[in-house]
Amino acid sequence: MDLRAFGEAFIAMLENIGIPEGWVLLINWILGALILLVVALLLAIFLIWFERKVAGRVQDRLGPNRVGPWGLIQPFADALKLLTKEAITPDNADRITYNLAPVIAVFHIIMLFAVIPFADKVVGANINVGVLYLMAFGALGAMAMLMAGWSSRNKYALLGGFRVVAQLLSYEIPVGLAMLVVVLLSGTMNLNGIAQGQGGLFGLGWYVLALPAVFVMYFVAALAEGERAPFDLLEAESEIVAGYNIEYSAMKFAWFYLAFFLNTWVLSAVAVTLFFGGWQGPGAAQFPILGVIYFFIKVFIMFFVFAWVRATFPRLRIDQMMSFCWKVLVPMGLALFLSVAVVLKLGLPDVATWALLFVANIVILVVTLKLLGNYTSDLSRTQNKRLFAPELPRL
Amino acid sequence: MTVPLSWYLIFATALFSLGFFGVLSRRNAVAVLMGVELMLNAVNVNLVAFWRYLTPTDLSGQIFVVFVFTVAAAEAAVGLALMISIYRTRKTINVEEINALKH
Amino acid sequence: MSESIFNLTWLIPLPTALAFFAIILFANPKKRLSSKIAVGGVIIAWILSWAVAIMFFVNPEFTEQPFDLAVPWIPMGNIVFHMGVAVDAVTAGMLFMVGFVLTMIFIYSTGYMSFPGHLDPEKYPDAAKEGLDPRYSRFFAYISLFATGMLGLVVADNLLMLFIFWEIMGLCSYLLIGFWFDKSYPDPKQITPKAAGLKAFLTTRVGDVLFMMGLIFLFIHAGDLNFQNIFANQEFLHELSTTTVNLPFFGAVTWAGLISMLIFWGAIGKSAQFPLHVWLPDAMEGPTPVSALIHAATMVSAGVYLIVRMSPLFSAAAHGGSGVMMFVAFIGAFTALFAATIAVAQKDIKKVLAYSTISQLGYMFAALGIGAWVAAIIHLLIHAFFKSLLFMGSGSVIHGVHHGHEHAHAHGHGEGGHEEYFDPQDMFNMGGLLKRMPITGWTFIIGGASLSAFPLITAGFWSKDEILAHAWADGHMAVYWTLAAGAFLTAFYTFRQIFLTFFGSPRTEAAEHAPESVRSMTWPLVALAFFALFGGFVAVPVDFPVVGGLASDFLAKLMEMQGEFYGLHVAPARFDWTPALISMTLALSGIVVAWLVYGWKPLKAKQSDPLRRWLGPVYTVLENKYYFDELYYFIAVRPTLWLASFFYLFDRGVIDRIVNWVGAFNRWLARTLRRWIDEYIIDGAVNGVGLVTTWTGAVVRLIQTGQAQNYLLILLLSVVILLLLIPFGS
Amino acid sequence: MVGQILFIFIAVVTLLMALGVVVARNLFHAALFLVGVFFGVATLFILLEAEFLAMAQIVIYIGAIATLIVFAIMLSRGMMGKHLGKYNKQWYFAGGAMIFFFGLVSWLLVKMPFAPVSAEAPADAIQQIGSGFVGHYVVPFEVASVLLLVALVGAIMLARERNS
């Protein structure tokens, strides 16, 4: 069954009715956008439940279990609760900006859904610059949070805003580098093309086999991009209370909450597309519907890992986070990029290229962590000393 | 392609004019910088429009836009750094008061 | 694949250039590091140049369309001047030789540049403790720059780049000859390194100016200086050789003749041909690696290389009826014989080699003059190997004798008390060194045999024989006999040198205690000796009995194929027994005569040269190099000095007086006028101008607000006005 | 037809945003309007089938430049220049000149005889741009990279607090 057939039949129908071509296209676009929007929102509801369940299990709790079977209806109850609460706007706040921020926060992520290939060619907009599109709209998130932080007229919110810029902008570089490496290997920026390129070995020839270190780099940076523990410094309760969304309540807060989960899901989806074959799997090329299933299974496994990490690790200090990005991830990303470019230029047969890439990845990963990891940890240790052991005046 | 080329050009001209107006008349140096960014964007629109309508097979227009991007990025970085530096030494961000050219 | 190696050609001069900058900027205080950087750079350059050269050798089809990679350099109106690199057979041959010789000499220099004897160790305690020259790093920087110049010259694809690298080499030559600029001699008439450097620089300048004029003329006519564009363009060359220009004194000459003559003068200067040969012997004041590198193997042969490059132009000029080829042949042959005679009477081990270099370069020019440019280039390559070997050997000998002298002196064997000046380069202070320095000795003998064209087993025989065979076959009897006489003398002075230096018994304490040189100096000697012996097999004529069948003569074939591309047709000289036997006989008899004079009964200490007795005044003339330095002093230097002092006197006596008088008059005038004009008219005018200026300024300053936005507004208004010109202006 | 309506819609919104940039009294609002303008221009790039540039526009202008400006404004309160009047003394004159300029240039543009070529945009535009950067435009590309590096170092040096 080809999912494309639906779309084509629909277009044919509209054209038969006698609507001009341009309008058909427009209607089609709008409908596609609506479908994605609904999918995304439904997904988010489920994701909240999923993550809470995982976190509960990790922390030896049950998680939500009261409303509905296994607590499945819990998110709806939460949503209702948030809807009925009072939506506070601080007196001093910059109203338009304040109200616009959550909207942008959610919609920049929903726009990312447009380019994610759910199955072969089942993709909202099969554009040639998909990877760049991800980077571009991912970057909008920082703007939304800046707006929220600034417009709240709250000291902690503003501090949270600063951290947003520092963290998201910094970690965008490793994420971008990791994406570029994959682009280099696959030779296309089209996400569906990247997924198609991993069809070897009966749909198991995933790029993670050749680029394990790149995946590790992407994963770590994605944790930071998704503001997830151990990089959730934007909302570190112990330091800046709740960060940029401190003044938000009720439904406006719910939007940020929504954005947070959707963002994580999109990051997992991108990870799956770039490194784990996307919709690829045994038989996916023949039966596209299998692709959708494979894709969602993989994404949820990836999402589970995200949730697992979040529930397990404690938060980093901000200087550790920044130096880890600039002193470990960025140099490592550059080294990986260079190594992949060189290996590809050698023009070896595929198997040899992949083997060589794998070896190069492992070597670079080990070397980087050994050299730079030691360096940064030494650095933070000395800073520890200066921060917490001031020289006392001698009596 | 149903849109005529001149529409893009007029749009770019309007954007350019607005940006230039900002550059000419705003007091705040950061606002002036924003005006400059508007002007650069107007130029980019022009370049891309000319590429699409006049030489669609030769991508020099697009490549040039990328160079404009780099220049804009460098300009913003250095410009803002300069403003912070000026603000720190002169305690003002008013372009009218930054008139060392006169002396 | 092979093309892609040629794409690396432009990298060849780069490593040494980087080494130069690295040493100058960063590594200068660290002597060992500097030498390592320089050697590393030159080894990379060597590998690259051999890769390119060998790729060319194994693919002769590249001669049909030589590689050329150029990028736009100087746009001039409609013409865009390109710079780039080209590889053809000549370049490949030169790269093969230059890369290798450069590397050998660099390695040799690391050992040779120990603490020099003329410096006071107490003034340079650090350097003396290390045992290295105080300016060790600087030396390596200079020779790295020189290597850049030479490699760049070889790979350059146009005459302008060639000229630039040519001048870089000239500069390095100047710097390196005068490297020990603080050295002086007790004999005031002996030239110091500083003066020698100046002399070399100024003498070559004469040639270079003419060369540049030739370049300019060529550019005016061709609109381009790319070798392949100009020299493979037969129509253009033909046109150049048929259009004439009227010159004062010379009458009508063809442009081709004029240009090639001017350019040939550049080669005369660089390659030290008569009459601009005087600088090369004095250039021996530089450190010996420099003599080996610059003044034997590479830079001086650049002149020959230039003429080889220009051969299509020369032959076009000859076709157009110009005598420039004859002139080249004459200069070459004359220099070959003339320098050989001087070499016979020299006592300085390096001076002999210097004159022999001049003489051998003369052979090459003679070959070029008779159209045998293939023989010339092959002799150039082989000569570079054995002559750098000889120079490095002589450096090793000097080093050894110097150390022996210090050793003897330190042990109290010296003459005692206030010691007289000891010259470690004087061959009459040596003798019997073969036992003391076996590696140096045997490699020197191999080089010497090669230079004196010892038949059959040495490279020099084959390459020199090629030239002689061509001269004979083409009927240039005068050239042939001059060169043959030169060959006899060459063999004689070479073996005179060998017998004086290495055989017999030591004539001084120093020679008795001379140690063998360090390994970094002897290994390059061995490597070069290999080429001095076997390098000649690239030039064995195919129809030579027995040996001819073994060697393929591939280099000459390659060169001839390349010649076809440039429209040069060189018929390979048929092997002929007559000239071969004559030259063999002459070479062997030269060796025998040398043995009779110096080898049979070795000279005793303090015994003078037996030739002096037999030749009498002729020997004195030869010893004084035909008094050319004195002649030039009288006809060039002295008149210049006279003119200068005359002008000085004129300046003092006449001009200054007039100036003083005018000054006095002016003062008087001023004093008179001040009262009348100054106080009323001038002051009034000045004040008025001031007032007007103040007033104008007061008005205009309103525009200058110091605010960028105001200025921008004015800019906008100007743009609007300019835009209005579009619809309304025209 | 749809294209024209889309264009008019985007152009009008973008120009209104641009107007907002120059008239907004609050600098932060001006910066947000600037983001809107960048976004509008990016959509225009998409209409012009230059997807790569559209994405690059968003990454660079919104992701970097606008964020930088906002960050700078937030970082130092004085940069907002709250007490400053919005415009300087010449603003009415500048505005008049700009309107005249706009009218003049638009008129000229309409009169100008351009000859549009109706060809498809190349499908491998990104590849062509990429090979352009490392091929024909390699020197400008390298110079641009050096420019960015210099700007980076220069900006840090300028904005650094001197601790002496």
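Chains here go by letter, A, B, C and D, matching the order in which they are written, and residues are numbered from 1 within each.
In this section, contacts are C-beta pairs under 8 Å (C-beta built on N, C-alpha and C of every residue); 3 or more make two chains touch, one makes a residue touch a chain.
Worth saying up front: this structure is predicted, and the values here are computed from it rather than measured.
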Selected pair, greater C-beta contact count between C-D and B-D: B-D
Distance from the mean Cα position of subunit D to that of subunit B, given in whole angstrom: 6
Whole-Å gap between the CA centroids of subunit C and subunit D: 59
CA centroid of subunit A to CA centroid of subunit C, Å: 67
Approximate Å spacing (C-alpha centroids) for the pair subunit A, subunit D: 28
Overlap residues in subunit A, where contacts from two or more other chains coincide: none
Residues within subunit C bordering two or more other chains: 707, 709, 713, 716
Residues of subunit B touching at least two other chains: 20, 24-25, 95-96
Pairs of chains in contact (touch as defined earlier), listed by label: A-D, B-C, B-D, C-D
Of all residues in subunit C, those that touch subunit B in their complex: 704-709, 712-713, 716
Subunit C to subunit D touching residues, read off their complex: 707, 709-710, 713, 716-717, 719-720, 723-724, 726-727
Subunit B - residues contacting subunit D, complex: 1-3, 5-11, 13-15, 17-22, 24-28, 30-31, 33-35, 37-38, 41, 44-45, 48-49, 51-57, 59-60, 62-63, 65-67, 69-78, 80-85, 87-88, 91, 93-96
Subunit D-facing residues of subunit A, complex: 20, 22-23, 25-26, 94, 96-97, 127-129, 132-133, 135-137, 139-140, 142-143, 146-147, 150, 158, 161-162, 165, 169, 172, 189
Touching residues on subunit D, where the partner in the complex is subunit A: 1-3, 26, 28-29, 32, 35, 42, 51-52, 54-56, 58-59, 62-64, 66-67, 70-71, 74-75, 123, 125-126
